[in-house]
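The two complexes that follow have subunit A in common; it is paired with subunit B in the first and with subunit C in the second.
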Partner chain A sequence: MLRSISVPPIFKFILRRMMGMLPILALVLVVTFLAAHALPGDPVQVMLSDHSANLQMALRLRAQYGLDQPLWRQFIAYAVGVLHGDFGLSFLQVGVPVTEVLREAVTISPLLALAALALALPLGTLAGVLAAVRRNTWVDHTIIVVLVAGLSIPNFAIATFLVYSFALKLEILPVAGWGSLEQAVLPVVVLAIPSAAYIARLARTFMLEALQQDYIRTARAKGLRERLVIGRHALRNIAVPLMTSAGVIFGGLVSNAFVVETIFNIPGLGRIAIDSIFARDYPVTMAIVVLFTVFFLFINLAVDFACVMIDPRLRARTLAS
Partner chain B sequence: MVGGIVVACVLIVALIAPLIEPQPIGDTDLLNAWSPPSAGNLLGTDKLGRDTLSRLIAGTRNSLLIAGTVLAITLVVGSVLGMAAGFLGGRVDGILMRIVDAILAFPEVIIAVLLASILGPGITTVIVTLALSWWPGIARLTRSLVLVLREEPFIDAAVVSGTPTWRIFRWHLLPNIAAPLVVRASVGVGFIIMAEASLSFLGLGIQEPEASWGGMIRDGLPVLRSDPYLALFSSLALGVTIIGFNLLGDGLRDILDPRLESR
Partner chain C sequence: MGEYWHSAAILALGLGILSAPGMLPAHALRVNVEADPATMDSIASSDKVANVILKNVYEGFTGERGDGTIVPALATSWDVLSQGKAIRFHLRTGVLFHSGRAFTAKDVKYTFETLLAPESRSGVTAEYLDDVVGAADVRSGKTKELEGVRIIDDHTVEIRFTKPDVLFPIYPIQFMDSGIVAELGPDWMSKASAGTGAFKFKRWRRGEEVDLEANQSYWGGAPKIDGVRFLIVPNLDTALSQYDAGELDVLDVQEAIFRRVLRDARYADQIQKTPRAQSRYLGMNQNLYAPFKDIRVRQAISLSIDRDALIRGLYDGAAYPLNGVITPGIEGFNPDLPALKYDPEKARKLLAQAGYPGGKGMPPIDISCTPPYKDEITYYASQFHRVLGMHVTVNVVERTTFIREMNIGKVAFFPWGWTAGYPDALSYLLEMWYGRSPYNRSQWRNARYDAVIDEAQATVDSRQRFALYHTAEKILMDDWVTAPLPMTAIIGLRKPNVKNVRLTPFGFEPFKDVEIH
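Presenting the complex of A and B:
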């Protein structure tokens, strides 16, 4: 007789979600592989450039990159490599592993995004809650106008104006670059603006909804001070709907990070991705696509997990099924 | 109101663009490169001495053409797949909604990077990327509308009288969901224009010598210190246009369908 092992339901939940991610991961692996290996054009000829007549060198390169193998074998090598964190060799920098090309960039982009989020989250929540609490007053109207502007004006247009005013006219901040604290100010601010506006808009909507709930009326009826009603009762209840939007918020941050890195000449993943497209350095491009995919799958998993842990209603419903 | 006026102006400019461009957009004048606004070039010139005003006007046209194409594709694909998911239910629904969730969780710039390396940077890449990342929103809305409609007696009547499924889609479901779909789509135009400009700014979108707002801002940024006009004027054109479309979209939504919440 096999005794059934009791698994905590939360692990079952996580496991089920992780299984659900596998098809997406497999699809991305196939697409990125085909893009890097099955496109017309011979990378070896490009790598050889001046030595294109040197057959021996060509053979050696082909063997080094595994391009002499049949396609299916190349795919297996690629998939196994990716699972081990090995993305093969760069086409542009001959013989250099992709991981080496990306090593510094891999820490820059998340740092930039997290700094922007650390700025956008409190700022956006504060603005949204303030607008909701002061609904239909000049405070609310002003915040809404700023939000529409923040959401509507592309960040490279905002960056143009900010660089023009702060770096060129007032000369208090550097124009571009990466490495010092001053150089990080403008990129982080530019990156934070659309996210802060988006978070504020969500926070305002959710707050207006929360303020109409019965428990808010109860809290007020028992004579609780308004600051506690908002801070303790309403604020907690907008945390969950805000969390569920974290995927979209991170998506916006990444898209904007590509632009911000280009504007301010920051050697992050976004700029390397764009450069590698024009250099036809497929292994590098595809490695970045795979990295971002994995990152997003885990963000979504983490968000689902956090929501279930925070909201007792959701926890009961999810774990029962 | 303000949004409507801005959008009307932008549309007119886009429609009659070839008539009002002061100079052909490809005309170079290297001796007159980076000139500030003057009588000959009202908004100045770029690195090749091309007239900024003319290129802004041509950029308007390109921007709206792409937005229109993307909108048409997403509306057709999104509504058909959304109706299929909502009406047929079952396995079709399950698979389609999984795909929708997967795409919605994916930032469009990653799709753009993938496509740009396969198709090469250009207008096709922009249109395919944006269509690919925008149809799920439409499909999801269509599905939720159809789920409500499916319970209506006239749908039951059509089913029991043996109406083919495609006829139910075309003549029974579509007329009832068209209005909210168009509203939802109009809310999205501003964001499609912004996404197109971002991709062109990154160099993945519209290529030289064609004019695009995003590309013009990219050209202008490095010389912001000495010749700020190109970047500033194109940023202004882009910002005003997108704000106009967003205000119009929000207004339309409030008038036509107060229940519809933005994503």
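Presenting the complex of A and C:
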């Protein structure tokens, strides 16, 4: 079928990658389901706490949540539900669908991460490139010290310091919350700092490597201005390795987001994930794990796609097969 | 790369405009809560946060003041008939629901029937109706009509019970508008408010806040503030910072930040402190550990706890001594109980008399608890070893597992507590120590105690009833059934310009009298 219709090879590439995601997704569903059911703690005790001694209420809740069914049947119901976008009911907010609990948070966390990335990427790349170009000068050394500080100081320490200075002492920014532009400043900055530091370090390393290459020497020999040598030739060549690290960078962003959301009281997926773990609200935790897995799979796909589009050598190799 | 920042900024700005503060009450009281409520439905709610919010929106027959006295709310008076097996309520006239409809007897019947109906998924409040005639039939779905409720006229309703229940007027049953489901459908909760209280439910932004606005036609007089905003802040340090920065007017100080608040001189004149209405005790299950059967062993254990040191050290002063099982601020509290003194000498002597000198011959035992109390049981374990020579192992168990093990009666030695459901000592005496109560975690049985409780439930005269409570408490204490543990404090902070915020053993009183200057 695919051979008779002339499908551009790039779509075949995307389709093939998406088919490859399905087994991973299935595995994630099984693993999260089993993990949640292997954990100590009965959902009924979560919902009723001390009042779970009241047998009538306990039985009623058990039936409402389908917990009296055999395990395999519960899994089928769960898997079918997920495919329809139904992640079941929350244990903590009794009777409330998980999708309802996550509805607003799903828009907030990606926005936060994107804003942080939008700040971290240009900042980090600039710092890294500058350090590489001015290697072993005071510029390079200063930048490296700042980098190491940004990577080593825990983000909650940075956050506390910034909140203390800007919100409590200077009173120009609010302490916490989400919704206005001023409330977004501190969380985005705190989230961006470790990522920017990491990107800067990578950029510096890649840049140093790129500057050793023959084509750089050729470009200089041709008489090209240094700015063009760096800006056009070297930079483009570090774009692909930087993007390949995008998965790691995003992973770091997500785990940092959990802490930032807690400190700044942002009702995003990170905070809900942490709260649900402590509250033993497993359906919510499971749903977030599944969501993040899907999210990461798509990030990787997007990165691979971007790399293939940017680098002609990769494009030729990938699409030929 | 610059475009991304622009788009992000525009998106954030858009979000900001959508949730503009202009839509919120201007002079509203801002309080923190630690999580989203599980639900805003007074029928289904069982959790602490929902309670805090709903008691500003809904009312019952009575309310209580900070010192424990009961005041009439939606019932101005009641007559107890048939030795407590029936009560006739005279309802307050001129009360309007937030919808504008009048509050009458049919709303009382409707609330009861909705609580008992199997499809309502009601919370723990429905338990209070179990003794009403016909309750079992409604629960099982056999009928929708609650037989024991008789509407005599718009403002008089008579309720009959299967056994005497003189405390029925003070149960925390919140009356809801019987016309709301007919008007707005089963999804009414997100659109309207169905109570009679000083504040109306306005909006719930999940993860952010729950907004209430003032009820201008409240029967007790319109509130002087425009509303109440319950900000959802799970992290207590963040909440404290928000209070410092003026983003909160009242702070519900939870245990995580007790020390910070108590030790900071800045807050000294803003602190409110009161003992919590939670009876804490060290449970000793006599069926699971033979030495507990001997009263001298139980007494020795209780006497080897240095409660003053515990309050000063572990709790940093944020706790109060408890000498019995009834806590202060509750009707039936006995202020004359002898103080439990730390007496290691006597404890050792008692243990020797019981046949275990220096702890010899006592099998090892685990003392179990949930993670928040691990410091406390470590203290007990070391204390019992030091003073009595007992071999006690600390066993910290995850909460839901712990509760499950308690439900099947497997836990022998444990600190636990019971928070009073209503402002009367029977809440403790009945639920914690009565033979057949499912919450009798120590599994202690005493026929004389049960008889006193049965009698108290039928005693209408308060003074006589309290005397019976004191008798019951004395039976417990004389038998050294348990070692009472210090009550934790409830602590609140309020800004100096906020007046009439009152803290009771049950938490903040409804905010109807609050003024912000």
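Simple rule for what comes next: the second predicted complex is superposed on the first by the 273 of 321 C-alpha atoms of A that agree within 3 Å, B and C clash if a C-alpha of one lies under 4 Å from a C-alpha of the other, contacts with A are read in each partner's own complex, and residues count from 1 in each chain.
Here is the rule we use: a residue touches a chain if its C-beta (ideal position, glycine included) is under 8 Å from a C-beta of that chain, and two chains touch if they have at least 3 such contacts.
Fair warning: this is a prediction, and the values are worked out from it, not measured in the lab.
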Partner chain(s) touched by A:Tyr282 [first = subunit B, second = subunit C, both, neither]: first
Contacts of A:Phe292 with subunit B and subunit C, given as first, second, both or neither: first
Touching partner for A:Ser180 - first (subunit B), second (subunit C), both, neither: second
Which of subunit B and subunit C A:Leu25 touches, first, second, both or neither: neither
Touched partner set for A:Ile10, first subunit B, second subunit C, both or neither: neither
Which superposed partner A:Val163 touches (first subunit B, second subunit C, both, neither): both
Touching partner for A:His51 - first (subunit B), second (subunit C), both, neither: second
Which superposed partner A:Ala149 touches (first subunit B, second subunit C, both, neither): first
Partner chain in contact with A:Gly247 - subunit B first, subunit C second, else both or neither: first
Overlap of the subunit B and subunit C footprints on subunit A, listed as residue numbers: 163, 168, 175, 262-263, 280
Sites on subunit A touched by subunit C in the complex: 40-42, 45-46, 48-57, 60, 64, 92-96, 100-101, 103-105, 111, 114-115, 117-119, 121-122, 163, 167-168, 171, 174-181, 183-184, 262-265, 267, 271-272, 275, 279-280
Subunit A to subunit B touching residues, read off their complex: 24, 31-32, 35, 39, 148-149, 151-154, 156-157, 159-161, 163-164, 168, 175, 205, 247-248, 250-252, 254-255, 258-259, 262-263, 270, 273-274, 276-278, 280, 282, 285-286, 288-289, 292-293, 296-297, 300
For the subunit C and subunit A complex, residues of the former touching the latter: 1-2, 4-5, 8-9, 11-13, 15-16, 18-19, 35-39, 44, 46, 118, 121, 124, 127, 139, 205-208, 231-235, 238, 241-242, 244-245, 247, 398-401, 403-404, 406-407, 418, 438-439
Subunit B residues touching subunit A - in the complex, by the definition given at the top: 102, 104-110, 113-114, 116-118, 121, 190, 194, 197-198, 201-204, 214, 217-218, 220-221, 224-225, 228, 231-232, 235-236, 238-239, 242-243, 246-247, 250, 261, 263
